[in-house]
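A short write-up of the structure that comes next.
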Amino acid sequence: MTAKTYFSNGNEVRLFEQAYRQRLPVMLTGPTGCGKTRLVEHMGALLGRPVVTISCHDDLTSADLVGRFMVTGGDVVWTDGPLTRAVKEGAICYLDEVVEARHDSLAVLHSLTDHRRTLYLDRAGEVVVAPDTFMLVCSYNPAYRSSLKDLKPSFRQRFVTLPMSYLPPDREAEVIAAETGIAIHVAHRLVNCAVAIRTADAAFHFEPPSTRVLVTAGHLIAAGASELDAAEACILAPLSSDGAITDGLREIAVATLAGADTSS
Amino acid sequence: MTAKTYFSNGNEVRLFEQAYRQRLPVMLTGPTGCGKTRLVEHMGALLGRPVVTISCHDDLTSADLVGRFMVTGGDVVWTDGPLTRAVKEGAICYLDEVVEARHDSLAVLHSLTDHRRTLYLDRAGEVVVAPDTFMLVCSYNPAYRSSLKDLKPSFRQRFVTLPMSYLPPDREAEVIAAETGIAIHVAHRLVNCAVAIRTADAAFHFEPPSTRVLVTAGHLIAAGASELDAAEACILAPLSSDGAITDGLREIAVATLAGADTSS
Amino acid sequence: MTAKTYFSNGNEVRLFEQAYRQRLPVMLTGPTGCGKTRLVEHMGALLGRPVVTISCHDDLTSADLVGRFMVTGGDVVWTDGPLTRAVKEGAICYLDEVVEARHDSLAVLHSLTDHRRTLYLDRAGEVVVAPDTFMLVCSYNPAYRSSLKDLKPSFRQRFVTLPMSYLPPDREAEVIAAETGIAIHVAHRLVNCAVAIRTADAAFHFEPPSTRVLVTAGHLIAAGASELDAAEACILAPLSSDGAITDGLREIAVATLAGADTSS
Amino acid sequence: MTAKTYFSNGNEVRLFEQAYRQRLPVMLTGPTGCGKTRLVEHMGALLGRPVVTISCHDDLTSADLVGRFMVTGGDVVWTDGPLTRAVKEGAICYLDEVVEARHDSLAVLHSLTDHRRTLYLDRAGEVVVAPDTFMLVCSYNPAYRSSLKDLKPSFRQRFVTLPMSYLPPDREAEVIAAETGIAIHVAHRLVNCAVAIRTADAAFHFEPPSTRVLVTAGHLIAAGASELDAAEACILAPLSSDGAITDGLREIAVATLAGADTSS
Amino acid sequence: MTAKTYFSNGNEVRLFEQAYRQRLPVMLTGPTGCGKTRLVEHMGALLGRPVVTISCHDDLTSADLVGRFMVTGGDVVWTDGPLTRAVKEGAICYLDEVVEARHDSLAVLHSLTDHRRTLYLDRAGEVVVAPDTFMLVCSYNPAYRSSLKDLKPSFRQRFVTLPMSYLPPDREAEVIAAETGIAIHVAHRLVNCAVAIRTADAAFHFEPPSTRVLVTAGHLIAAGASELDAAEACILAPLSSDGAITDGLREIAVATLAGADTSS
Amino acid sequence: MTAKTYFSNGNEVRLFEQAYRQRLPVMLTGPTGCGKTRLVEHMGALLGRPVVTISCHDDLTSADLVGRFMVTGGDVVWTDGPLTRAVKEGAICYLDEVVEARHDSLAVLHSLTDHRRTLYLDRAGEVVVAPDTFMLVCSYNPAYRSSLKDLKPSFRQRFVTLPMSYLPPDREAEVIAAETGIAIHVAHRLVNCAVAIRTADAAFHFEPPSTRVLVTAGHLIAAGASELDAAEACILAPLSSDGAITDGLREIAVATLAGADTSS
């Protein structure tokens, strides 16, 4: 399960690099598992910058981002948070699923995402100007948007936005085969299964299966599982536990995984 | 009340081991008391790995999982949490009823459940790469799902999912007799009672009785209680305190526990 | 107001003891003041085990149950909570009105209520295996159940459940006379008054008067209050402050306390 | 504005004393300013016991009642709260407007209000048995009851309940004249004004004027204010700021304060 | 922008002084900017008492009012809050917009606003009797009242209530001219503009312009702004940002500020 | 991405300076990215005063504004917050998006925005009178107003309010060309695209594109991106991720960016 070559599916690599050259922040949007995280890792390697990843969540405070005072040896010492360290190193700072963060935590990003490119550490009384190599990248999945917790328009307008989607089927099968070592025709059957479910998606109202779950299924097959067992455990079961829906999904799997042995 | 042999009811042992060999995380789903915890203990013994169990709840913070700074001798020292200890030991870390946890606490699992297999301890400034023997296992009961508190699709898609259910009646009776020492025909009557209630379940809208409550009833019978008294205290009373429903349930119990003495 | 003999009203003493012998946890259910607490005290005396009582409430944390680190002499020392002390002593630990506790606090009970009978003190890094004499007993009043705050089915199924109710009238009058020293015919009149109100209960929609309020009324009578004054202060006034309802209740009291003097 | 003689308006003094002799807790109910606090002070003097008053509110924790650990000289020392001090001194502990307190804070009162008469200081590991002279008294105003925040029936049934109401008009006028030094016929006019508003109360839906506001008006009159000015500032203005209602109230005041000068 | 002479618009000064002489607390009610704060400052000067002002808000705790323990030199020392300092100094303590405070914070005022005139510092174990010169004054704006956050009737009845409103137009113009140095006929035009908007108020449903905004407009005019520019920036713009309403308001301003130059 | 010349679009510079001379606070209103922050920076340079910027958010406490006690060398020392530092330096303190702040945090501004011009540091026991050069400036976007979280009328009336909006098209194109170095006719096409979307805005119900996003698009074009790619990434994608809306927006972009090459 180690990272492999990045497969581009559009002009996202070029626009990402242009934004980097102009010192502009980037927002990646798209469905779960379509490769947002891998693009960031790929660009870090391409641009020769380290990547500092921060998984956003409800309870992430601005102190978790910028740092806090900590007691050491009886005294209170300021300790930089991951965002501050990324700014000082001129790294790519990647805020994964930024919509999950508390909006108040995001306020510290304002002065980093406009012409100031500066981080104000109010509590430490320090002002950090970002070097040219610092870049802020955020990601979010628009399918999760709710009226209660969406990014504010003024926040979204601070970024160069790069919408991403699934790879074309042939590229997707290549990725799966390359990452798991299974035969390319087996990988194609897994992709066919996923495409069929993604097409039926609007009727079922669930998050469609990502490239990631196909890779996981490929790993199980490589370990000896039947195609159908692997598809059930990695593609179908995570989608729904409703009996009727599960039956419908299994029909799709049986139909698309026609070459699947049933010896298990 | 000590743990006994694990009774498999499908291919869950084989798929669990294949996931372990491929370093993939596993999600166990199924109703209360159908044996999820016992499967994990069984696999720990089979694979020769210690099991670190964490019962999830509303108030579990990510610090409870990964660790925190603590004051010792006037100084502040980082102390690993159970998840961090499990990663470092290469143990099986079992998050029981993971849906109960605050979603923000689960964000620390992201980098452990994809190709990185790495735990970022932001506050300690430490990065822990999981050894090959580390495995993350979660469980949840889909029957409890509400729109307010369900696992996010992107989270569910990170796992190999193994749905589990009750044992077939004969296996279930064997388990009860083996664990409590009561006669096999008495155990069969308890299972018949449970099956009858599980079948009537859709009408009553309550959680069906689990193998666990049948084992508990068996223990009371072994201590001298009548079958009906044991069934009332262990199977019926926990289901409902509504008078009409209780009467309906008692009818089922009297009918299925036909051989029950009424001397108590 | 000291505790007296326990008056059993069913097979609860026997089943409680059988559960104790099998090392099974017990859940007592029933209306306010029907004797749940007294049964636990009685069983503690009968089984020769100390009783550790914990009144549950909204703000009870798991640290309040299992213990916490505290600063002493400049250093941080772990201090056991009442649950941990009960486990270590092999005592009966009684969680009164368990439904009031925050559900996350109850998660620490899981491993104590199944075959493990073990308390995991994650923060202290300690594992305590309960001795055979340890017993966990919980109580709750199903009449208070709301959809917002009910015990989870999987939690209820961990216990041997013993439903309790009021004593039969004659036993109840004996208890009142024995505890307060008033004449048995006066105690009977108080019980008649309570039974009449309990019967009218469905119409009034309030919690019926418990044995406890009859004992309190008996104490006031023993101190010189008239029967009617005592009934008004201890039985009627706590039920409602609505004028119309109060008038209806007073009619019941005047009718049932026919021998009541009116000199006050 | 110093406390004067207590004017009883029923059998509340006698029943309070009988409850004290039987070591029973008392609940005082009734409208704002009808004399609940003064009754407690009066009984404290009569029974020769100090009174410890605790004003309840939303944020009162059980630690505020029983005590907490505090850092002193680098060490942590337990400090008794007012409830614990009252128990140890055998004082009358008066919880004013107990319905305002968080219910979890009230859980510590359970063991003090039944036959145990004992305070369990779980955090300090101390058990305090109340001496015979300790008495717990609570008050609340049923008019404020809402479904969201009412006392639980099982809590109310722990107390001898003494409902209180306003004094009869003649006694009320005597109290006002005695406390403020104004002429008795002026006091009668103020009482007439209050009685007229209390009678119109159901139409206006506001809390009726209490004896306390009449005493306040009397004080202003004693300082030279006209009766009408004093009534407007102390009786009418606190009731409503709605123009139409205020006009209606002023008509009542002008009518009942017929002898009021209009020189102001 | 320094405070000037207080312009009374009723009998509020006399009643305030009578309340002070009788040691009674005062509640000032009325719309924004009608002079409540200035009355308190005026009375402080008149009575020769310092004024301690506390702006109330959602997060004001009782500790913010009465004081708290603070760590100094390794030890914990009690530090008086502004209310406690005001009581000890015998000052006028002014709680501005008291309705904004959390109700639990207000509970500490109870014993200061009845015959006890005493502050109980439960946490410090101290009892402070207020000297005769201590006075508590609160203010609130009834227009903001909502069912969610209104003062309790029992709290309002503890105060002598003085309703206040805007000055009559001629007095208001005098105040503006005196405070800003603009010509009296310009001040009259500003007042005319405000009165026209206050009259149209019911239709627009916004908070009417206060004397304060007229004074601010006067200051801008004194600095060289045109009357219309000043009125737009200080009177109209704060009222609404709805285009249609703003147009309607501008018509009023143009009509009433007839003498306004349009050179800006 | 460095700040350039300020382009005024009305009388806001003159009124801002007049307010400064009269020591009056200013409120800037208007849509996202219309230049509020740049006006403040411009005025700071013009008036020769430093600007202290505070980005407001849900979790900003008054301690974050005024300061707090912090442990240093074992002792507790008061540390000024950014507002207190701005007051003491006589700087311009700019509260960006003030409506986002918790209302209780804003209470500390009251005494700074009326004739007192004073900051009360209750916890530090310090009173700071603002020098004449201190100025408070706030901004907010009325389009975000909701009934749940709007500024109170009494708060808005404390400020000289300056409504701002987008620059006229020709000025806007000049700004874009000047800041990014792209040709003026390309900048005009970007402005035409934005104006077309702003006009269609009412139908789409989203926040219209600001000058800021046009500048960002200009930067990408300067780095080699096609006009259409830059418009998609910087202008269209941040507005919506709904397929139908995105298609409609792309038609507008294609039509207005007629000269756009399609070689990318």
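Letters A, B, C, D, E and F mark the chains in the order given here, with residues in each chain numbered from 1 onward.
Operating definition for what follows: a residue touches a chain if its C-beta (ideal position, glycine included) is under 8 Å from a C-beta of that chain, and two chains touch if they have at least 3 such contacts.
Fair warning: this is a prediction, and the values are worked out from it, not measured in the lab.
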Labels of chains that are neighbours to subunit A and to subunit E: F
Shared interface partners, meaning chains that touch subunit B and subunit F: A
Equivalent interface positions on subunit D and subunit E, same or different at half: different
Equivalent-chain rotation between subunit F and subunit C, CA atoms, steps of 5 degrees: 180
Length of the line joining the C-alpha centres of subunit B and subunit D, rounded to whole Å: 52
Mean-CA-position distance for subunit D and subunit A (Å): 61
Centre-of-Cα separation between subunit F and subunit A, whole angstrom: 30
Residue numbers of subunit B (touch at least two other chains): 71, 74
Traversal of the chain ring from subunit C via subunit D: C, D, E, F, A, B
Subunit D contact footprint on subunit E (complex, rising order): 11, 14-15, 18-19, 21-24, 27, 29, 61-62, 69, 71, 74-76, 102-108, 110-111, 114-117, 120, 122-123, 142, 145, 152-154, 156-163
Complex contact set, residues of subunit F against subunit A: 1-3, 32-33, 37, 53-60, 64, 70-74, 81-82, 96, 100, 141, 144, 206-207, 209-210, 212-213, 216, 219-220, 222-225, 229, 233-234, 237-239, 241, 264
